[in-house]
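Two complexes, one shared chain (chain A), two partners (chain B, chain C).
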Partner chain A sequence: MLFYQLFKSLIGQTITIELKNDIMITGKLISVDQFLNLKLSDVQGTDPKKNPILSSLKTCFIRGNVIRYVLLPQDQIDTQLLKESAIKEAAKIKEEERKMQNRK
Partner chain B sequence: MTTLRDYVDKKVAVISCDGRFIVGILFGFDQAINIILKDCEERIISEDRSIKKVQLDHIEILRGDDIVLIGEFDTNFEDQFESGMKTDPIKPLVH
Partner chain C sequence: MNLEVKEPIDLVRLSLGEKIYIKMRGDRELRGTLHAFDQHLNIVLSNVEEVLTVIEIDEETNEEIMKTTRRNFEMLYIRGDGIIAIAPPKRF
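After this line comes the complex of A and B, so read on.
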């Protein structure tokens, strides 16, 4: 849920995505769902020489499982807050696991 | 929720896991991103030949697992495809 929230807070920002087939796409994030499928507008290949066919797309939908990296604008992210949230999330999951085991 | 609803009945370009590039009209989809395309054609991209259009005379159902990207296809770009554009093919997906 943490990463979903993070991406949700980045809606409207320009991000770069590297896919598992080495395609790099830059675009404005429009929406995200729980599978981390992303929708971008103003799509462009980061290297226009590499995949010029990408400029034939106006907006695009990327399936979450094919994403390798997401490059985010550094100034838009509070890394300290992200770190704390990640620790909290991990603790929450651990707590839930413990409860489940006690129930057994 | 990210859905494909606004792509329905529009011309879309789909890139599949094996690097194929298919253009067609989106007919339907589900939550696993399985999609139905009609009037579709494959564009065979190669580095030493211009882009070849192959009409697929059937309705195509693509399994969500096999889809990399779905984009709204800009028909103004068609001319550039026609003009004999040569480019490297799309690589297959490596997990």
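After this line comes the complex of A and C, so read on.
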């Protein structure tokens, strides 16, 4: 849930997504779900010559599993908070696994 | 924070805030400072350098030529399914 929360906090910001097929898409983040699917508006392909279709879209939905990278706006990220959340998340997952083990 | 390495993921946890090396699918390598990860190995890095290695074969001599392309990112989210290996910084 850590990255779901991270993307939720970035709603309204402009982000650039690089897909696994090397396409880059820039747009305003509209929504995110538990699979880290992303919805963008004001979409622009960063290379309009290569992907003319992208510049004809206003909004698009990107399935989470085709994403390779997301370029984040550095000034919007609290790295200290991220680090603490990552530690908490890791501890939570361990605790859940321990419970599952005990149940068996 | 527990400093023991019992499970593989502990190695990643102990590298938080440090510079790590990531080997990715498609002959990509990343170096950057680790800020967050989860159980899928989705990761956030800052001050990232990506090195993309492409091997081209010279048509005349049949020689393999390694070409590297470098890109830099300030802050990057990396989806875990593309990750092959993570190496923590060297500790001496």
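Heads up, the rule we're going with is that the second predicted complex is superposed on the first by the 104 of 104 C-alpha atoms of A that agree within 3 Å, B and C clash if a C-alpha of one lies under 4 Å from a C-alpha of the other, contacts with A are read in each partner's own complex, and residues count from 1 in each chain.
By our rule, a contact is a pair of C-beta atoms (placed from the backbone, for glycine too) under 8 Å apart; a residue touches a chain by one contact, two chains touch by 3 or more.
What you see is a predicted model; the values in this text were computed from it and never measured.
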Touched partner set for A:K20, first chain B, second chain C, both or neither: both
Which of chain B and chain C A:V43 touches, first, second, both or neither: first
Which superposed partner A:I93 touches (first chain B, second chain C, both, neither): second
Partner chain in contact with A:T59 - chain B first, chain C second, else both or neither: first
Partner chain(s) touched by A:I77 [first = chain B, second = chain C, both, neither]: second
Footprint overlap on chain A, where chain B in one structure and chain C in the other make contact: 20, 65
Complex contact set, residues of chain A against chain B: 19-23, 31-33, 37-39, 43, 50-63, 65-66
Sites on chain C touched by chain A in the complex: 1, 9, 13, 16-17, 35-39, 42, 44, 46, 73-79, 81-82
Contact footprint of chain C on chain A as seen in their complex: 2-3, 6, 20, 36, 64-65, 67-74, 77, 79, 82-83, 85-87, 89-90, 93
Residue ranges of chain B touching chain A (in the complex, touch as defined): 1-4, 7, 13, 15, 17, 19, 21, 33, 43, 45, 64-65, 67-74, 77, 80-81, 85, 87-88, 90-95
